[in-house]
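Each chain gets a letter, A, B and C, in the order it is written, and its residues are counted from 1.
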Amino acid sequence: MPKYLARRLGQSLLTVFLTLTTVFLLVRLAPGDPAAAYAGPTATTADLARIRGEFGLDQPLIQQYGIFLRDLLTGNLGTSYSFRAPALDVVLDRMPYTITLAVAAIAVTAVVAVPLGVWMARRADSKRELGANVLTITGQSMPDFWTGVMLLTVFAVLLPVLPASGFTSWSGLVLPTVTVAILQLALISRLVRREMTTALNSPYITVARSRGFSERALTWRYALGNSGVPLITAIGTRFAALLNGVVVVEVVFGWPGVGSLVVRALETRDYPLIQATVLVTATLAILVQLLVDLAYPLLDPRVRLGKAA
Amino acid sequence: MTTALRSAASSGAPSAGSGGRPSAVTARDLARATATRQRRGARFKLWAGTVCTALVVLPVALARVLPLPGADAQDLSERRLPPLSDGHLFGTDQLGRDLLSRVLHGGQVSLTVGILAVLVSGVIGIAAGAAAGFFGGWADTVVSRLLEAQLALPLLMMLLLVVALFGPSVTVITCVIAVAQWPEVARLTRSLVLVEREKPYVAAARVLGLRGWSVLGRHVIPNVVRPASLVVLLLLAQAVLLESALSFLGAGPQRPFATWGRIISDGQDYITTSWWLVTLPGLVIALLVVGVNLIGDGLRDRTRTARLPRGVRAPRTSRGARAGKGV
Amino acid sequence: MATDVSPLDGVPLLDVENLQIELITAHGVIRAVDGVSFTVGEGETVTLIGESGSGKSTTAMGVLRLLPEGLAVLSGSVRIAGRDVVADPRAARALRGRTVSLIPQDPMTALSPVHTIGRQLGDALRLRHPGLSRAETRERGTELLAQVHVPRPETRWKAYPHQFSGGMLQRVLIAVALAAEPRLLIADEPTSALDATVQAGVLDLLMELQEVEGIGMLMITHDLGVARVVSDRIHVMKEGRFVESGPAGTIVDRPAEPYTRALLAAVPRLGAWDEDGLTGAVAR
C-alpha cells in the first residue's frame, strides 16, 4: 500500500511536470507579445524592450526554462503581468470559487442523478422511462453556454429573482450550479441506469430474490452496493473535470473562478498566470483521481491496490 | 441455445400426441414484453433522431440553394427585426443580417468541422487503440499513459491555447477537436482488440506466417471497426458542442462564415431586447445534437436487443458465455 | 424444521400441472416448457434431467416465478404447499424464502461480491426471523455454517465470497437456503460448476440434510450419474417436454427412450473415475 501510493504519487508528479513543460513551451511559441498586451497601444519600441527585459522574456528559451524550474522548486511561479502580484496567489484566491461551484454542481448532480438512474433501471423500457431517457439526452445536448444564457435571461432578467453575475451572495451560486448540473446529470444518470441494469440482471440478485427479499432491498442494498466502483469513478472523474475550471459557464456568469481567469490570462498572454493555473488545476484533478482510486478497496473487497488496473 | 429453443418451439407445437397445446401468449403479453418494448424504444429513438437531425442538416446542406438573403448582407435599416417579419423567418441581427441565413451558412462550417474532427479522431483513436491492444508492451504503456494524462489536463484551456497558437482556421480547430476526442475511440478499440486478439483466427494467421502488422491491419481492425464506429455518432454530437463552445469563447473559425457559437456570443449583448439572436441558434444546435444522440442511442439499443434476451440460458459451452444470463 | 406450518393432508408439497412457459424474445415467441406435470412430496427428491436447452432450468425458475415478467408467460398451474403461484404472483413472493428455497447453479456468481458472507446469511436469517439481534443472528448463522460443514465457521463470518472456493461457496449458499427453514428446496444444477471431487461432497451434504430435515427437493441436472444417486423419481426432459418418467432405478437401468439412452451413454464418457468418486463419497 505505501509502495503503491509512492508509485502513484511519482507518476502524478511526472504528469504534472510534463504538462507544465508543454504549457511553458506552447505559450512562448504562440504568437502575441505579453509586453505589448501589458504596455498598451501607446508603448514605444523602447518601452516594449524594457518590459521584456523586466519579465525576463529577452533571454533564450532554454535559459527562461531553467529559471522557471529553479523558481518552481522554491514554490515561486513568477509574478502575474496583469495582476502585478504573485501568480500562484492570484490563482489560489480564485480557487475557492471554482471549488465551491464544482462541489455544489457535483452534489446536486449526485442527489438527483442516482435516484433517477435507479428509477430508470427499475422501469427499464417503459414509456415513462423512454421519456426520461429522451429528456436526459436533451439535457446532454444543449450547449452549456446557451443553457446558461437562457437561464440568466429567464431568472435574472425577465423575472429578476436571482443575481445575474458574479458572486455577491449565495443565491448567485444557483444558476451556475444548475447550468453545470444539467449536463452532468445526463451523464451520471445514464451511467447509473446502465450499471444498475447490469447489476439487477446479475445472478446474485435473482438468487437473493429467491430468498424472499423485497425489490427495494434488492435494488438499494445489493444492486447499488455492487455499482459503487463505476459510480464513484464516474462522479470522481466528472468532479476532477469540473475542478479544471468550468470555463464556459464561469465566463457566462462572470463567476470569479479559475475558468474565467484562464480566458483572461490567455488574452493578455500572462505566461506566469497561465502556468500557475495549469499547475494548480492539474494537481487538484490528479489528487481527486488518486482519492477515487484509494476508495476502490472500500467499495469492492476484490480490488487490491496495485494489483489490478 | 436459440436454435435449441427455436426447435423446441417449432417441434413443440404441432408434433406428436398432445395435439398442439394452444399458446397462452396474448396480444397484451406481447405488447408488454421486454423485447417488444426495447424494439419500440429503439425504433422511436431512431425515428425521432432522424427527424431532428434532418430538420437541421437538410436546410444547412441546401443553404446555397434556398431563396435566402446573403449571410453577410447587411441592411442597417432592418436591424434586429423579430422572427417572422417580412422575409426573415428567424428575424435579423444587430447589423440587419438575416439570422436564418447566418445560422445555415455558419452551420456548414460547424458541421464540416464536426465531421472532419470525428474522422480524424476515429483514425487516430483506432490506430492507437489497436496498436496498444494488439502489441501490448511499450506501445500499450505509451498509449495508456497518454490517455491518463489527458484525463488530468484542463482540456478546454489547452484547446484555447492551441487555437491561440495556430490561429482559428478550420484545419486547426478540426485537429484540436480530434485531439480532444481520440481517447474515447482509442479506449474502446483497445478493449475490443484485446478480446479479438485471443481468437483462434489470429493465432492461425500467425502460424501461416503473417507478421504482426499485417494480421492487425488485414484481420483484426476490420473486425473491430464496426463496433467502434458506433461511438462515432456520439462523438459527432460532442464535436459540434465543442466547436460551438470554442466559437463562443472567441476561438472559432471566422471564415467563411461565423459559426453557431459565435452567433450566440455576438447576440448575447442584445438578449434582453432581441431574444431570438441567442435563443434560435441555440435551439438549432440543441436540435441537431439531440437528433444525433438519439440516433446513436437507438442504434446501440438495437445491437443490444439483437442479443439473447436476459434470463434465457446461454449454452453451457464456456464460463464466459454464462456471464450475462439471468440465473 | 418447518414446524410452524400445518402439515399438508395428502396435498403434495409441489404440484405442477400442465406448466407451459413461453418466452417472448426479439426473435419471436419460444415455447421453452411445453406442458409438464409432476409432483414433489415431503422428504422426496424428484429430478428433472435433460441436455442444456431442454427447458429444465426454465421449469425450475418458472416454479419460483423468477423469470423476468417482461420475458416469460406462464400457464397451467404450480401449487406450492397448496398455493397456486401461476395464478397469483404475490403468492410466490410470500412463499419464497419461507416455504421454498433455491440452490443456484453457479456458486461463484450467486452471492453479492461486495457484501460479507455474514451479512448475506444474516440478512436471510433476519428475513425469516425479523426480531433477531445481531449477536443472535451471528450465533444462528455460525451454527448453519457448521451444519453445512464449513470448517471453522466463526472465523469466516466477515469473509467475502471471493475468499472461498467454489465448493465452500456452494455450502454457504446451502446454508443461506436453509436459513429460510424451507420445506422445499429447488436445486438448479447445484454441482455442475464444481470439480468432480467437490461435487460428491455437496451431493452428500444435500442428501444428509434431506434425511435430517425431511425437506422435499426438486433437483435439476444434466448428469444421470447425479440423478441416479439422489433421486426417488426422474423425469427426462427434451425440448420442453417429458419424454420419459419413472422411478430412478427404472429410468437408469431400463431406459425406454433412445434420448435417455443417449444421456446414459454420455455418463461413462465423462470418466469412470468421476462415477466412482461420486458413489464412493455418498456411501461414506
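Keep this in mind: a contact is a pair of C-beta atoms (placed from the backbone, for glycine too) under 8 Å apart; a residue touches a chain by one contact, two chains touch by 3 or more.
This structure is a prediction, so every number in the text was calculated from the model and none was measured.
Student: Report back the single chain whose CA centre is most distant from the CA centre of chain C.
Tutor: Chain A.
Student: Could you tell me which pair, B-C or A-B, is linked by more C-beta pairs in contact?
Tutor: Result: the pair with more contacts is A-B.
Student: Could you work out how far the Cα centre of chain A sits from that of chain C, in whole Å?
Tutor: 51
Student: Go ahead and note the Å separation of the Cα centroids belonging to chain A and chain B.
Tutor: Those two chain centres are 23 Å apart.
Student: So, what's the distance in Å between the C-alpha centres of chain C and chain B?
Tutor: Comparing mean C-alpha positions, chain C is 46 Å from chain B.
Student: Got the chain C residues that touch at least 2 other chains?
Tutor: If we look for residues of chain C contacting two or more partner chains, we find 61, 66, 70, 104-106, 109.
Student: Specify, in ascending order, the residues of chain B that touch 2 or more different other chains.
Tutor: If we look for residues of chain B contacting two or more partner chains, we find 34, 37-38, 310-311, 326-327.
Student: Counting only residues that touch at least 2 other chains, which ones in chain A make the list?
Tutor: 125, 203, 206-207
Student: Any idea which chain A residues touch chain C in the complex?
Tutor: Checking each residue of chain A against chain C gives 125, 202-204, 206-213, 217, 221-222, 225-226, 228, 299-302.
Student: Would you pull the chain B residues touching chain A in the complex into a rising list?
Tutor: Within the complex, chain B contacts chain A at residues 34, 37-38, 41, 44-45, 48, 148-149, 151-158, 160-162, 164-165, 167, 237, 241, 244-245, 248-249, 261, 264-265, 268, 271-272, 275, 278-279, 282, 285-286, 289-290, 293-294, 297, 310-311, 324-327.
Student: For chain C, which residues count as touching chain A in their complex?
Tutor: Result: residues 61, 64, 66, 70, 93, 96-98, 101-102, 104-106, 109-115, 120, 123-124, 127, 160, 162, 173, 176-177, 179-180 of chain C touch chain A.
Student: Report the residues of chain C in contact with chain B in the complex, numbered from low to high.
Tutor: 18, 20, 22-32, 34-35, 52-55, 57-58, 61, 66-68, 70-75, 104-106, 109, 188, 192, 222, 239-241
Student: Residue numbers of chain B touching chain C in their complex, please.
Tutor: Within the complex, chain B contacts chain C at residues 1-2, 4-9, 11-13, 18, 21, 23-26, 29-30, 32-39, 305-306, 308-313, 315-316, 322-323, 326-327.
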